[in-house]
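What follows is a single structure, written as structure tokens, with notes after it.
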Amino acid sequence: MVPTEYYVALSAIIFVIGAVGVLTRRSAIMIFLSVELMLNAANLSLVAYARQWAAAGAEVALSGQAAVFIILAIAAAEVAVGLGILVAIFRYRSSTDVDALSQVRL
Amino acid sequence: MSALVSVAALAPFVALLGAVINGAFGRQLKEPLPGIIGSVAVGIGFALSLLAFLALLFSDVTSVSVPLWSYLEAGGLELELGFVIDHLSVLMMLIITGVGLLIHIYSVGYMHGDPGFSRYFMGLNLFVAAMLLLVMGDSFVLIFLGWEGVGVCSYLLIGFWYRERLNADAARKAFIVNRIGDVGFLLAMFLTFKTFGTLDIAAVNEAAGELVFGSAVLGVIGLLYLLAACGKSAQLPLQVWLPDAMAGPTPVSALIHAATMVTAGVYLIARAAPLFAQTPAASEIVAWVGALTAIVAAVSALAQTDIKKVLAYSTVSQLGYMFVAVGVGAYWAGIFHLFTHAFFKALLFLNAGSVIHALGGEQDMNKMGGLGKKMKITGRTSLIATLAIAGVPFLAGFFSKDAILASSLNSELIGSGVGLYLVLLFTAVLTAFYMFRWYYRVFAGAPRLDKKVAAKVHESPTVMTRPLVILAGFSVFAGYLGLPEFAFPNWIAHWLEPALETSVSFRHPSAATEWLLIFVSIAAVALGLGLGYYVYHLKGGALAKRYGSTAPARLARQGLGFDALYRAVFVRPGEGTASGLAVLDKDLVDRGITGSFTTVGLLAQFTGRLQTGFVRSYALLMLAGLVLLVIAVVLFGGLS
Amino acid sequence: MTPIVLVIPLLAAFMVMMPSPTRVKATLALAGAVLTFIAALFLPTSAPVEMLWLPGIEVYFLLDPSGAASVLVAVAAFVMIPTLLYASNRVTEHPGAMLALLLAMQAGLNGVFLAKDLVLFYIFWEVTLIPSLLMLGVWGGKARRQTTVKYLLYAVTGSFLMLVAILALRPLSGAASYRIDDLLAVTPLLDLQVQLWLFTGFALAFAVKLPLWPLHSWLPDFHEQNHPSGVADVAGTLYKVGGWGFFAWALPLFPDAARAASPVLMGFAAFTAVYAAMIAISQTHLKRLLAYASLSHMGVVGVGVFGLHIAGLSGAMYLLAAQMVTTGGLFLISGMLYERRGSFELDRFGGLAKSAPTLAAITLIILFGSIGVPGLANFPGEFMSLLGAFQTSAWLGGFATLAVIAAGIYGVNLYQRLYQGKAEHGAVADVGRLELLVLIPLLAATIWLGVFPNPQLRAIEVQSEIAQNQLTRPVAERAPVLDPATTLNPSELSATVRPGGQP
Amino acid sequence: MFTFFLLAGVMIVGALGVITLKEPVHAALSLVGTLLTLAITYVTLQAHFLAAIQVIVYAGAIMVLFLFVIMLLNVQSEPAAPQLSWLRPAAYITGLVAVVALVATIVATRQPLPDAATITATLRGGGADAIGEALFNQFVLAFQLVGVLLLTGIIGAVSLVQRRALEAEQAGSSRSQPSRELTDVSS
Amino acid sequence: MIVMPDVNWLALTPPLILLVTASVALLVAISRRGSRPIAALSIVGLSLAAVFNAVLFAQSQTGALATSFGLRYLADHPALAFNFIILLGTALAVLVSFDYLERGGLEHPEYYPLMLLSATGAMVLVAAGDFIVLLLGLEIMSLAVYVLSAWRQNARESEEAGMKYFLLGAFASAFLIYGIALMYGATGFFGFEQIALTLGSDGFDQGLLATLAALLIVVGLGFKASIVPFHQWAPDAYTGAPTAVTAYMSVVVKAAAFAGLVRVFSALFPDLGPIVLALFSVLVALTMIIGNLAALLQRGLKRMLAYSAVAHAGYLGLAVLAAGDLGTQAVAWYMLAYVLMNVGAFAVLTLIADANDHGDDLERFAGLSQQKPWLAAAMALFMLSLAGIPPLAGFTGKILVFQAALQAGYYLLAVVGILTSAIAIFYYFRVITYMYFRDPEYVTPNVESRATNLAIGVTAVGTVLLGIFPGWWYGLLSVGQRFVAGVAGL
């Protein structure tokens, strides 16, 4: 079987790609997508670790998978609010460029 | 008996009371009243002093301590204020209150009509009080209290006519120069305390006797006290204030700047006699300071044209004699000369005052002359005083001056006193000369007065002349209290013995030598007077005119240029330093410290730039921050 | 009983702030001041109060009137009476607020003196700053804002560093609480290095407030910019308590550090004394001159304190009390002169003694008191400070003594420029009844403090001895050494005693 | 092992697509691809229920929402950034370092897998029953809180998007004017 | 097999009451116009929650530890104390919003329900006994606040605030979540107690991974607490959000975040070795420095307060570092003081600035003492307290925090803290300078708001009283049952 660290390393790579996406994309919606990547990376490592902890019993192992379920819900709620804000702003601005939101500074 | 003596402790407080009354209510009182109050206050003081003197004279008690109140019983000082009334201080009290009383009375006439009449008597009374504290104090601190007190009074009275800038300047100068001396006094006290752990004079004197003869620390203490004495007694190098101090009313000059305050330095050294007797080095310096001052001042006196300035320099010169006396260990002789000098110098000043009063304020001797005819009492008493100070035999000054001359040769405290003796002898010639000049230019010869003034010249009122007569009497007879010891009874030396007991011993040359010395000094006086007679009477002042405007004469007139020297060396650089520091303080220190705050502002500008407003740069900072943290963990370790 | 000297002025301050006619406010304020003074007179016989204020870090509300505190509180309270009287008549803009601030300041000041818990002391130390700042900022002159900020930065930077040192003190030393007794028992056992660090924290705060060169440059501006009546300057003068900080706290707490730093600090203080007096000579602005003069006095206070000799310690505290009267009095006089001339420039004065002889006389006495003429207020303190310093270091003590000369110069210069010469700018009125009422008590105090210093000195000496004991006790005898493991448990403090010696 | 690398490759490419593709729709679709690959990866990790959920909820619901919004708002491709040109390279470098650091840590702390039998027995294939048990035993509080969270999200989203006419009414009238300059005091 | 969970209903009452109140408020709000009744309802709910919280608090003082759902919900003594702070902060924010919403045209019905939901989340976060619950509490709290930040639509700053806060918040959450995942990988647990036991057990060899996880968790929580370098959202969001919301989030969100940090630090990190503490101490130092320096530059008061909030996060961080009892108590104590003075300052701000939150420049405060003496006095009080001048609450809080840090040996950090406090004095005092030492330049709007005045009054009096009698609150904090992970043996 593929060792856990492979999966976790993959998750780390995806996580960082997501993070870099947050830094480089200028459209708010693209940033949301990048954040989703990061969350999914976390989920991947949780699932991988859940398998790893199988030796410690079902309660420990399955809690990793259950946590993924919770995080999924969190992602959904975040998306709802995020898109809500985006839509609200878009109404007045007609742009999703976050660089335009840089009036408050210093 | 002690109780009788103790009552004299009230004297300074009575004088103080007079000052307070005059200070608080004087302006509401009609004219002679403040003067009467002042005179009565001093008169009571004199009566008390006399009582104490008599009590001491007719008893075996030599010293009475009068404790007052706790002053500084802290920090290991354990200092109680207290008076000591012994043979020395009671003599000083008599001089202060006696001469003071006469001058108070004289002043009632002299200050007639002055708007500051009551202020004047307040100042005088305050002075008497402070001066009494000075001489009665049983600790250096109390002496210092009086010491500064008389300095303040002197300041007030020199600047009495403060509306003239020169007078105020003179007062300021006196105060500042005195302060320099005061620093010496303070440092002396500090070192005394460090050495002996006490500031009680008796205790210090006793402890000093137990120290090694000639120990360095004693020498330093002595020199510091000398600095103090130089300030107060106008000795080199701090002599410069006294001539200027003549700006004050003339009776003030008589009392403060001739008879009493300026002798405080001599008194101080005499008080600390056992200490000085243990340190020949310091003593010798004291003597030489005195000798040099004596001659420098005498030379300066030669060329003065102001009637009071001559006397001022003469005072400085005579104080020099006293310093020589206390320097060589002849403490009684110093006090003796102080005693006689008080009378004839006060008299001289009062005479000068009488003249100034008569001439409506004129002080220039070039505009006087021949006044002896119109002012008989003033003229005659002046003559007596002049002869007394010149050292004409059988008058007071002769005996006291001679005692000093003799002591300077015979002292075993210092090395050879020949140098001192010669300087003093030469000064005696000069003294006789300039005093003759003074008398002649004022009272004899042809009048050189303005016509308007001449018409008004008159003898002073009785209230002023009576004191003159009394003082003249003392100027004649006071010297008989201290006849040359080798052949005659010397009352004053014995009287002072209990208070001035030291280890200093004197050589006792043969009677013939003593007589020889006496004749030498008589010859010196004669030489001086003769020279004066030659220059001013026979030559009619032509010589004086010829040389009067030469460079040396001008130099002498300016007090040998000490003022200019000090101005160039101390005052100007001092002022420069002061204003330079002020600029430095504002520009450098202030900005230096405040500047560090502005660097904070610059730092802030930098941090402000981090906040770009771009959400993505914020995210980058977060990620970068995390990465740095992770790297730190990887580099520096995980679980320990 | 002791807190009453805090409660009365605070209460008065609150009442003064309530809306009422100015006359009523003035009466209230004055009554508060007088009552405070009367209460202060009973301080020596009052019992200390103590209660736990902040559990957990063991801070106590502990006010103890023993020692020098009673003297300083009484003198400050005394000076406050004429100051409030003058303020209520001469401060026309928001007089009530000014009176309230003065009273609040007094309360804080009393706290500074009476607090015998280190944190409590710090609180009072800091809180007293606020009224002082407000007085400067609201009633000050043209450059008041810059000056306020400068003053604030100086004061706060210093005192905050002290706060770190305070808070580090207990963890480092293992003291049972911040009460002075508990601290004194253990802080001397700290390593010299640690002591030096902590001492530096304290010293910076105190040096700013003393002030000591080169941390003094807020002072001239502070006085120059304050309200022309001079009442705020008086308050500022009362608040120069840096010397007190050293005396009551820094020296006894860190004896080894104090001894090590003594020559350096003495040097700074001596330099300050002479330097400031020299600068005072060349000042042409009355208040700046007084500021530098007062700085010079503080140099002398510093010299006395840092000399670590008992005479210097007592003398410095006495000088601190005396200068409240003399410098305070001079500032009030400067206010009176300003009222007559509308300027503080000395060029605008001259010859006033003719038209205002009484004012001149009073000025002269207080001025002489200020420059240390014997028989007047400052002398005993100045004398003992310098004497004490001289015992420790003849050279530095001697150098500081030179300030006496400079003081003489600026003193008589000032008097001459104000009162002597010809009245080129015209005559002025002599003192009025109010001014006489204000000045007479100060005059009386100037003389009293100069003639009868001993009662006050005896009270001060009690505390000097404590400091002296701390400073001279050999290490082994200082205190029972505590076992670090149990130091934070007060109940075991007395039980665990390790035989002497440093840990 | 091959399967893993294949999935990993697809996933990484997909992820890179998300952050590099210019057209938002392309990027979103790339994310959908990534998420689907992730679902398959879950299967290889014996999390069958999660794989299903991943497809249904994530790739299905959430991504459709995204696409919907992209379409709705007509999000255009981003023009080249005029500002912050330094940020992109900085981000890449930081990202690279982050990857190295994270992977290094992860590899350094690797542990041997338990044997396959244990895994199968414990995880029970990650089926709905297994997850459900975990959810309703250990995660019952979390599960309830998810409800609250979603409620909050809904209220929040609705409140932002669905503002009443109230705002339109008030927007015009009640915005008070900025205070006028103070002339009477300063003069 | 599903087992009935152990539910301690009493322990759950405070958040439950808020949840119910939020729901009821929402229903009421939808059906009627005007926000004031809802505000009143919210206050009632908050008070009720406070009453129950007080009961629990009293219980925990006598020894009972109110836990629920295993150890996943831990209403221990510090948590209950933080509940008080959250309730107080929320109530004050409601008071500030009372008239403010109407003035600004912000009376949308979901406002108060969202605030209450956010507070619910905060209380969950505070009482969380495992990471998943902590995460959910944090998300509930945050989502509501994101929305509230963007509450003022068609206003550039508010949009910007909401969007920036949301984007960065989601970003930070991702870190937190990833950290939780890695922590699970390292220990196999989400629960604090088990994690602590595992980390502390002999033979534990996943230290590096756990440390990495810990760092990621610190990022997630540090973001909410606005610790440098995760702080940059704060100034912008605080500036842009409606002032009443800023008041709320500057205190409640921060309180919850610090409660979480304290819990995490004291329960878990002691076993991770000194490196995490050392790194966190660097961040704390940077927070104090940057927060204070940047605040120095601000002319707008709201933004200045935002940076000051960052700076105060640094001071709180000091106490977090100290961990232990002293640290926890210090954080809780300071937080209460901070709630009072900060909400007070923002409340004053709502009365000075116009309805759109514009005009909060220092110039607007010029001569305020002449126009509104009481308002100026209150503001001065808050500024002095924030600056840490005795005897106000801010000072006492500061000494507690510094004492805790010094006790733990952070000498250098304490010095940095003190020096930056000195800088802080400057900008706080500048406000006073303007209010008292200058003449007015603008007419201060005459806003009548009893509710806001009440809030200002309560906070002002509280600031003074808490400062003068610190022992009361400290005494309450120091006596009580505290859950300590790995030691409780429950």
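Letters are used for the chains, namely A, B, C, D and E, taken in the order the chains are written, and counting of residues starts over at 1 for each.
Quick note on the criterion: a residue touches a chain if its C-beta (ideal position, glycine included) is under 8 Å from a C-beta of that chain, and two chains touch if they have at least 3 such contacts.
A quick note: this is a predicted structure, and the numbers were derived from the prediction, not measured.
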{"item": "Third chains touching both chain C and chain A", "value": "B, E"}
{"item": "Interface with more contacting C-beta pairs, comparing B-C to B-E", "value": "B-C"}
{"item": "Chain centroid nearest the full-protein CA centroid", "value": "C"}
{"item": "Approximate Å spacing (C-alpha centroids) for the pair chain C, chain D", "value": "65"}
{"item": "Whole-Å separation of chain centres (CA-atom averages), chain A against chain B", "value": "96"}
{"item": "Chain centre separation in whole Å, for chain E relative to chain C (CA means)", "value": "41"}
{"item": "Inter-chain centre distance, chain A versus chain E - centres from mean C-alpha coordinates, in Å", "value": "26"}
{"item": "Multi-chain contact residues (two or more partners), chain B", "value": "608, 611-617, 619-620, 623-624, 626, 630, 633-634"}
{"item": "Two or more partner chains touched - positions in chain C", "value": "153"}
{"item": "Residues within chain E bordering two or more other chains", "value": "132, 136, 139, 143, 146-147, 150, 153-154, 163-164, 167, 171, 175, 207-208, 212, 235-236, 294, 297"}
{"item": "Pairs of chains, among all present, that meet the touch criterion", "value": "A-B, A-D, A-E, B-C, B-D, B-E, C-E, D-E"}
{"item": "Footprint of chain E on chain C - complex, ascending", "value": "52-57, 59, 119, 122-124, 126-127, 129-130, 133-134, 137-138, 140, 144-145, 148-149, 152-153, 156-157, 160-161, 163-164, 167-168, 170-171"}
{"item": "Chain A contact footprint on chain E (complex, rising order)", "value": "132, 135-136, 139, 143, 146-147, 150, 153-154, 156-157, 159-164, 166-167, 170-171, 173-175, 177-178, 180-182, 184-185, 188-190, 235-236, 239-240, 294, 297-298, 303"}
{"item": "Residues on chain E engaged by chain D in the complex (per definition of touch)", "value": "1-3, 5, 19, 26, 33, 68-70, 72-73, 103, 105, 107-111, 113-114, 117-118, 120-121, 124, 132-133, 136-137, 139-140, 143-144, 146-147, 150, 153-154, 186, 205-209, 212, 354-356, 358-359, 364, 367, 439-445"}
{"item": "Complex interface listing, chain B residues touching chain D", "value": "612, 614, 616-617, 620, 623-624, 626-627, 630-631, 633-634"}
{"item": "Chain B-facing residues of chain A, complex", "value": "19, 22-24, 26, 98-99, 101-106"}
